[in-house]
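Heads up, the next two complexes both have chain A, just with different partners, chain B and then chain C.
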Partner chain A sequence: MNGLHILSELLLMPLIAFVVGLMMVLMMRKISARIQRRIGPPFFQPIYDIVKLYGKDTQISHGLIHDIGIIMAVGGYIGAEILLPVPGMEGIADKGGIITLSYFLMIPSLGMALGVGQCANPNGSIGISRALTSMLAYDVPFIIVVFGAAWHYQSTSLVGMIEYQQMNSWGIVEMPFLATAGLFALQGMLGKQPFEIYIAPAEIATGPMVEMSGKYMGGLFVMQTFQLYTAGVLYASLFLGGGESWLSLLPKAFLVVAIPMSIAFMFPRYKTEDVIRILWKWPVMLALIGLAFIL
Partner chain B sequence: MKKELLIKEKQAKRTNPLAHVFDDFIDFCQSKSLFMLHYCTGCGAIELPPAMTSRFDMERLGIQPMVTPRQADILLVTGYVSVKTLKRVILTYEQMQAPKYVIGICSCTVNGGMYWQSYATAKKLNDYMPVDVYIAGCMPRPEAVLEGLQRLKENIKNDRKQQKGSAWKEYFANYDTYLGNQQHLFGDDWQTPVDIIAEAKLYGLEGEGTYGKNTEKLAKVQQPLLPQEMKL
Partner chain C sequence: MNLLDQFFILIAVALLSITVLRNFRINDKMAPLWYGLMVVMLVRMAAVAYDGATLTSAFNIEILGFNMHWQFNALSWFFAIITVVAALASAIFMSGDWGRQYRELYEGQGGNYGLLQLALILNVASMLLLLASGDLLSLFIGWEFVSWASFLMMVLMPSKTAKKAAVKYVVYAMFGAMALLAALAIIYSNSVSFSGSLEFEQITQVFAGMDKGPQFSLALLFFIAFAIKMGLLPFHLWQAVAYAETPGPGAAFLGAISSRMGLFAMIIVIIQFIGLGHLQGMSIGLPFINMQTLLAWIAALTTIIPTYIALQQHDAKRLLAWHGVGQGGYMLLGLIMFDSIGSAGGLMHVLNHASYQAALFLTVVAVVYRTGTSDLNKLGGLVTQMPLSFLVMLIGIIGLAGLPPMNGFVSKWMVYRSLLLNGEPLLFVAAVLGTLGTILSVYKLIHNTFLGQLRVEHQNIREVPWSMMVPMLGLSAIVFITGFMPGLILPWIASVQETIGLPVIIHHLGGIEYAKGGLDMIWVSGILFYGFGVGALIFYFLGSKAKRVHQYDNYAGGHFLSADVKYHYSNNFYPGLMHLIGDWYRGSFKWMEQVIVSALSFVSKLFENMYRSRQPVMLLVIVVVVALFSIYKNTAGVSS
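The block that comes next holds the complex of A and B.
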């Protein structure tokens, strides 16, 4: 494998993630529309939104850290994409492994915290403190799930995990408790109801996004596409056997992302302390039971 | 002053042959994706939920509600505007990022409607900020609201050809007139947190009417903006 080959993969992997993520955003908006008996947005709506936001005539910046925060938020996910193996492309996945990836997934939240801090909007500060609190809440079951999966596959490399699952059976069959706990954590990671505390449009006016306008909001929209893609593909590689080809990987990833959205509208929004309580109780308990089975 | 005019000329001259393609594409996207901030001042607000939800579904036209002025493109003023409310509407409008559009719903925003004789109500919204589309009626049905939004989308798409969808430039170009009307209602010490003149200078949006006797009056009373004191 020469340098040019790796370089082309490093460019292609985030690009594919962006395109697939756009479709995932569209799918989520369509699902929420269908649940509410609406038609929903047209096919190219996510692209229209992003182009429009970047094409605004006036852009307000609150300072250097505000700019850097957004770059960190998008860059953290771009870094995560090249560590996430997909059919035909491995990037630097065999060098990083899942532990590096878990660290990369925290960078966007920290970047947002930096950027929002300089906006000095009280709603933004409340929002980002809630976002970091909920990160603390969902990361505990998430890390237990990652540890359990790595123990079971006897490997911290995602490439190795996918190979194991394709030789034997899928992770969801061998570790059902861990897979369920992972879905729980996913709901919190994507910030869907009932763990929607840091967006809360009617309460704190979309929290961290309150002062974001134009290209800053556009950056966050791009970040959302990467976030959905990462969540879907990571869960599919951990528990659903990854994919031999894109045709088998993409349906799994879309299915995983569709689950949180489909059940989101059944719930109201929890209070911050209740989110921590429920995420540290049920998914952690499930994950520990799952861990006891495989250890 | 000279330097700023130079900047303006530079912006007007587009040397890239593909520039108009990008401009048209951005115009197209702007007309297809509109984030809406509804400032529900009066009874017209009750017609918005049916326009947004399953019956008429605004999202299929690419219009969705947003909750802060920073993110929004459209400011919907849905009903009468009292003098006290108008201050807030102006603060909200000035915080929005251009291109921004204002839609006045109900007769009250057109000419005061049934509040014509009220001493506490601002009659024409157009005197205080440039309005793109008026939707008359007491109150307009959701069909009429959607019709007005479609009209706005058409205007935005044909903006560069017909100069219809850029009423927001008026606010920068004729700031003196708008400021005069605002001072007439709120008193001579009226000042907003957003420095419109500085913004007009920065983006090259100044016009003949940006400066005048009203802006001179503002310059006399204008306090520099300082961060608020932190206290519990």
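The block that comes next holds the complex of A and C.
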């Protein structure tokens, strides 16, 4: 692994993630439009949105931590993308592994929480309180799934897991229960209905985003593109055999992300305590059954 | 005279100097210097830490045929360096402006600054004595000293809660000491060769010669003694309140390392000399539950229950103190796995926890210094007034929550990795549950203190003076650097593992080497900071420049915000979660404690009434009954 290769990974991995993530946002909007019998936005709408948000004249900052929060939210995900192996680029990703990546994914949440806290708006703080509670809810099944996968593949390295699946069979075939539980946790992780109380527009003035405008909102938009990409690729690497090439990886990633989106627009939302109750009951039960099969 | 003897002499001189000079101003300048010298001495002894050599002190005492002796090996050195650095930070912190304020506020009302300085050096000296113990008897003596020294520190705050908590602690500590003494007596009377020795090696021999029943009770006695000091379940009730009510820097010191003395003793007795074989041999009830599983589950529950108690606290010091209890669970959980990665994680967590816990405690004390309160419902928005303290707390909470790139992540990662390798899914989930609870709780801590609305009465406060800032920054530097390059301390861990007979970890500067998934923190931190750098570039170079607005310039649904509107969201921070789990806080352990207390006081009242009663006839009847019973018993034995 030479310097040029490292440099290309550092630059390309987040860039690809961003572009793919934008397309996933577009897909999300198209799916919701089709479900609601609308046409949906044009192809370049996500880019227009980002340009609009960054290009606004008035940018309101509530202090340095507000800025740093956005930087941490975007930067944490940029780091996470580099730890997520994709075809042809897995040199640096091998330095981390699944446990490190799981904890990397909490840094953007922490950054956003700090930024919102500095805004001194109780609506925002209530939103963060709900968001962190949801994190507690979906991370429990997620972590059991991670444990099961790491135990099954006898490795914490995502590269090793992908290799195993490409030589044997896909994780979803060998661990169907864990894969289902993982999909369930994904719904919470992406903050999609019915688990989206903390960002729902109809709830307490949109919660965490209440003081976010202009490029602050733009930063969160970028964060969302990364989030969708991470969810899709991570799930594909854990259960769908990763990808020999981009051509086989991307359809899997889009498919994974399409599932929670299609489900989402058919549901209202649960209260915070019900989010925990449901995520600690059904996916945890499924995941434990799955564990019992592989241990 | 070897280095260890010189070290002891230094401690003795420091103790003497601080005892004599404690009420003079000169002591403020000299006390930190003594701790600095101790650090220098420990650095000179670094051969112990790197090569795993043992230094034996020339100082020893012969009593009744025992030879009590003291020695330093890698394990002692590892705990000693943490102790002394934590003491150094606390001493610098308390010797400047904080000390002046403490004198003004509490001198003459139950507080005593000179005694606080004395309590600190007494704690350090007794801990070092304990860490240097070379046999069970010197361990016991060090144990007692540590208990009473902590007690002295806890009573220096003029509040009823503090005194009550200190007394509660000392009752627990005495119970633990009695358990330890009983264990020693069993070891002594069961010595295989009847030589009556109390060397550590006797533990192994006595254990090997015992049946399952006595083995279990001996292990239980040791466990009770050490678990009380460490605050493991079910003995966790005393610690948090007692530490939280200790005067500021004292709390930081005690919270950082004091209760880890229990872990130190546990490592020697349970890990090193009882060993994995015996622990697994002691099956309890069902065949798959043995002593190792039991201890692992006690550790896991210790991470969960105190962490979620911390989540409910609304006093910053108590919140931190409860986390201190909870983090002890990770240390034992790692060590009890008996493999190279897990035990390294457990050991490393001692150092990591000490660094961020001391930094966090000192930050909270700094906030109290400026605002006069640590009540999380009466603070808020201090980041604009105390930005450096905010930075220290931020680094500290990232460490405590165990997120990259701080040192808490490295040790917790190792514990998780070990649980994965050993195939312990439920323990793994328990450990992660503890971490998630910690994240929720520390966000509440930093949000309610430094973020949100700044109160009117706090609008003129400033950052704390440098005498307080320097130790805080120094500790957070340790948190960051040992997270970035764990390889700086991993050689010490490796020698400790070698000393106590565990598999040794393979390490490099960035972390650990392991075939199927290691950890390289230099890469991990590098990637993270690269991400932050790109994030900063995007933020600052794209889009127009942001305008700073006042905190009252806020969306409030059509209302006008002004200074007299209190809208900081702080009380009952996680209502959704508490709706669900609020009913699970039943205080069962508290209830159990109260039951024991009332039962004991009932029995004591009973005996008190007996010997105070002026009814000779009743006493006579009792004596006669006892006498008749013993005669009957003896004759029954003879006739059969």
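One rule holds in what follows: the second predicted complex is superposed on the first by the 294 of 295 C-alpha atoms of A that agree within 3 Å, B and C clash if a C-alpha of one lies under 4 Å from a C-alpha of the other, contacts with A are read in each partner's own complex, and residues count from 1 in each chain.
Throughout what follows, a contact is a pair of C-beta atoms (placed from the backbone, for glycine too) under 8 Å apart; a residue touches a chain by one contact, two chains touch by 3 or more.
What you see is a predicted model, and the numbers here were worked out from it, not measured in a lab.
By the touch criterion defined above, A:2 reaches neither chain B nor chain C. Touch counts on chain A: comparing chain C and chain B, the chain ahead is C. In the superposed pair of complexes, A:201 makes contact with chain B only, with no contact to chain C. In the superposed pair of complexes, A:49 makes contact with chain B only, with no contact to chain C.
Once chain A of one complex is fitted onto chain A of the other, the partner contacts of A:210 extend to both chain B and chain C.
Of the two partner chains placed around the shared chain by superposition, chain B is the only one that A:37 touches, whereas chain C remains out of contact. In the superposed model, A:107 lies in contact with chain C only, and not with chain B. Legend: residue contacts after superposition of the two complexes on their common chain; A:128 is shown touching chain C, with no touch to chain B. After overlaying the two complexes on the shared chain, residue contacts for A:97 are found with chain C alone; chain B is out of touch. Common to the chain B and chain C interfaces on chain A are residues 55-60, 120, 205, 210-211, 214. Considering their complex, residues 381, 383-384, 387, 390, 394, 398, 401-404, 409, 413, 416-417, 420, 423, 425, 428-429, 432-433, 436-437, 439-440, 443, 446-447, 450-454, 516-520, 523-524, 527-528, 530-536, 538-539, 542-549, 551, 553-557, 567-569, 573-577, 579-580 of chain C touch chain A.
Within the complex formed with chain B, the residues of chain A that make contact are 29, 33, 36-42, 44-45, 47-49, 51-52, 55-60, 120, 201-202, 205-206, 209-214, 217. Chain A meets chain C in the complex at residues 10, 14, 53-65, 67, 70-80, 82-83, 92, 95-100, 103-104, 106-107, 110, 113-114, 117-123, 125-126, 128-130, 132-133, 135-136, 139-140, 143-144, 147-148, 150-151, 154-157, 160, 205, 210-211, 214-216, 218-219, 222, 271-273, 275-277, 291, 295. Across the complex, chain B meets chain A through its residues 25-26, 29-30, 32-33, 53-54, 57, 59-60, 62, 64, 66-68, 70-71, 73, 97-99, 199, 203, 227.
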